[in-house]
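Take a look at this one; I'll ask things after.
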Amino acid sequence: MADRKVILDIQGLGIDFGGLTAVNDLNMQVYEGEIAGLIGPNGAGKTTVFNMLTKVYQPTRGKIFFDGMDLEKKNVVDTTKAGIARTFQNIRLFSGLSVLDNVLTGYHNAITYSPVEAVLRLHSYRRQEREAREKALELLDIMELKDDAEVIAGNLPYGAQRRLEIARALATGPKLLLLDEPAAGMNPQETEELMKMIRFIRDHFEISVLLIEHDMKLVMGICERITVLNYGMMLSQGTPEQIQADPAVIKAYLGD
Amino acid sequence: MEFLSYLINGLGLGSVYAIIALGYTMVYGIAKMLNFAHGDVIMIGAYVAFFALTNFGLPLIPAVLLSVIVCTVLGVTIERLAYKPLRQASSLSVLITAIGVSYFLQNGAQLLWSSATKVFPAVISNGSLNIGSLQISYLTLITICVCILVMAALTLFINRTSTGRAMRACSEDKGAAALMGINVNFIISVTFAIGSGLAAIASVLLCSTYPSVFPTLGAMPGIKAFTAAVFGGIGSIPGAFLGGLLLGVIEILAKAYISTQLSDAIVFAVLIVVLLIKPTGLLGRKLSEKV
Amino acid sequence: MKNKKQLFIFDPAYRGRTASFTLVIAAYVILQALRSSGNLSSLFASLLVPVTCYIVAAIGLNLNVSVSGELNLGQAGFMSVGAFTAVCVSGRLVAAVSAGIPRLIISILCGAVIAALFGFAIGVPVLKLQGDYLAIVTLAFGQIIKSLITNMYLGFDENGFQFSFVENKCSLAPGGKMLLNGPMGATGTQRIANFTAGTVLIIIALIIVYNLIYSKSGRAIMACRDNRIAAELTGIHIANTKMLSFVVSAGLAGAAGALYGLNYSTLVPNKFDFNTSILILVYVVLGGLGNMTGTIISTIVLVLLPELLRSLQDYRMLIYAIVLILIMLITNNEKVKTMTKSLRSRFAAGRGADKKEAA
């Protein structure tokens, strides 16, 4: 790993809610082009880590460096602009918009025409809309959603909604993609396809992926390195083999 | 001394707002709707009390009771006919329906009793209590006392009775309450009944202070009381009480010290400032969304 | 093929827009024909301009309420700002710009811009709030605006403007003119508004709103409505986005008010009270959220309804109220909903079959 560049560097990260410490002293790195995993029992603080990385929550302690940039003073929109994109454990689509429009919102910051140009339908509007539309359709093709482009997102089946969330996240042009339980509610065959898709995305867009997942087959199958959280503390870190052999991890998952 | 008497007058007006605001806030808490017709229930209450006192020559207490009964029945009927079929509808549809009911009541009153203003008889003693140079009218004292009584009775009812407990359960989660065997429709009816009954009491107090009865009488107090409910944190009963009193005091003080014409603008400006500092009102619950 | 796609008008996704423009233009042509042939009663002719004003304000409010998802109960306040701005501007310019049409355009523009500025100033605090709290604050602002205008006195003479508040302290030189007169409002306004101007204004409003909806701003506005957190995490600045829809809506209301104000020789501030805000909201909700064509139709019907019921005299507003309640109850009835749904899908299926046959 030494020759790869660190894209995400988390140092001593922690957050308290009232008197409760949800995450404490977390250290982890994600390298460029890597698929990393964040696992742990329910309530271990995994999603809280994602919320801190995207600045939905402001960390109480510690530092986050993304692509060399300190995120301390950044807000949610800044993190997206910097190149962090995410999906959600409980799907959060723009359910009243079409599938295509959902992806097009991802290009919000890439499209630069002003509202006035849009109202006047100037050339810049038409050109940029056309380009964004082409790119969006390409993304939908990759995520196997092209046929549903005009469908209202809220009417999609569950698995397709999860894929659409990924497509929307990719449209923001991220360097790091955070996936929060992407396989939740999927059957083994769908999960299998999802694994292929995640690998393809990583290679095609040359990005890093950090994912939270309970499906161990998926985690062990595609993650190069895994961090295990328990009660907000880092329990273990290493390759899938190392994690599977770690007695502390086994104890946390299976109980005493 | 002058300030103190303004303050007490403000509390008197605020008590009326508080009683009306309770109707808004309870209905909002349980049915999650803005009942824009509430102000017009006050108007109906005022007319009923007026006719009971003048045409039928009833004494005060039976007249108030009659008004309370009519308003309670009216409130429950409105809920059954107009709002109940819309339980699953969007909140905007319910809002428009409430506006329709409001128009209906106003125009119905105009047809039945004409738009001419009627003078409400002075049934509550217009004497006053003198403490040194401080002069407080009995009417103001009675209004404040009624408000405190209503508040105390309502708090006891909500906290000590099984119906009250069911109401609290419904305001938290109607679905779960129904699964626990609570008859949600009945609870909503009770809420409307209480709110409308209180509106009748408020109407008598209001018309004793400003003795004119006309079809759009409820509109302005309605908006003010609604503002008071939001001010205190809509859905919260102590909030409605606090919001009502504060609104009354601010209104009277603004009239006394700043400008009569601008008092409404000042009241609403204070509301905006409060909401900017506390976005869910003084005693409202914080809205938070889990990510 | 690609070039064809650019002709958005024929794209099925934009059918709503085609319908809106067709409706407005057809209505204009028919009404003008009726009027010039003397078949339009003076009562209806007098309603033409107000209807166009309400339509423009309602289109703006529709952007606010359904596209952006914010309940705005103060649209009349913005109309009021626009109306009195325009009346003052027009009154001041009577001598300088004597021709009606340029003065009308200048006045409406001023009204729209000032109302939009008010929208911006009010939007800063308002848009920090959510749901019913936001609604009550827009209501409060509507009341404040009404209360302020009711207390304003503005006059001008050869020495320039004179302004006073609460009490009329303007002492004008002979030949001077009061533009605003407290609770009396504006009097002696030259009536320069007309139906054609109103129709043009509707078309401009439709172009602005539709072009905004079908752009990155429109997507962002709807994204914020559907899911704030996801929108923010997609890189959308929520405050700016909501502000845009709020300001555009206020600006359109301002333009509508301006036209309204210039259609009457006297205008009192009480005209634009809470009830007017509610009335416009009713047009929007009844027309169907997000449906501009529906908004236009419902505005026309609801403005005309009380007039059509005039023969019923005192009962007309009562019937209006009952109609309002019944429409809400019927359109939200589960049975009726499933019925229309099945009808619609049958219709769509029929059309799909036509397409296949054609192919």
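First chain written, first letter: the chains are A, B and C, and each begins at residue 1.
Simple rule for what comes next: contacts are C-beta pairs under 8 Å (C-beta built on N, C-alpha and C of every residue); 3 or more make two chains touch, one makes a residue touch a chain.
As the structure is a computational prediction, the values presented were derived from the model and not from experiment.
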item: Chain located farthest away, centre of subunit C as origin (C-alpha); value: A
item: Per-chain Cα centre nearest the global Cα centre, belonging to chain; value: C
item: Averaged-CA centre spacing for the pair subunit C and subunit B, given as whole angstrom; value: 32
item: Approximate Å spacing (C-alpha centroids) for the pair subunit A, subunit B; value: 50
item: Rounded Å distance between subunit A and subunit C, as computed from the means of their C-alpha atoms; value: 42
item: Subunit B residues counted as touching two or more neighbouring chains; value: 291
item: Per-residue overlap in subunit C, given as positions that touch at least 2 other chains; value: 229
item: Subunit A, residues touching no fewer than two other chains; value: 56, 88
item: In the complex with subunit B, residue positions of subunit C that touch it; value: 65, 71, 125, 128-133, 135-137, 139-141, 143-144, 147-148, 150-151, 166, 228-229, 274, 278, 281-282, 285-286, 289, 314-315, 317-318, 320-322, 324-325, 328-329, 331-334
item: Complex contacts: residues of subunit C adjacent to subunit A; value: 6, 13, 207-208, 211-212, 215-217, 219-220, 222-223, 225-227, 229-237, 244
item: Partner subunit C, residues of subunit A touching it in the complex; value: 54, 56, 76-77, 79-81, 85-86, 88, 92-97, 101, 104-109, 111, 113, 115, 118-121, 125-126, 129, 150, 168-169, 172
item: Subunit B residues touching subunit C - in the complex, by the definition given at the top; value: 28, 34, 36, 82, 85-86, 88-90, 92-97, 99-104, 107-108, 110-111, 219, 223, 226-227, 230, 234, 259, 261-262, 264-265, 268-269, 271-272, 275-276, 279-281, 287, 289, 291
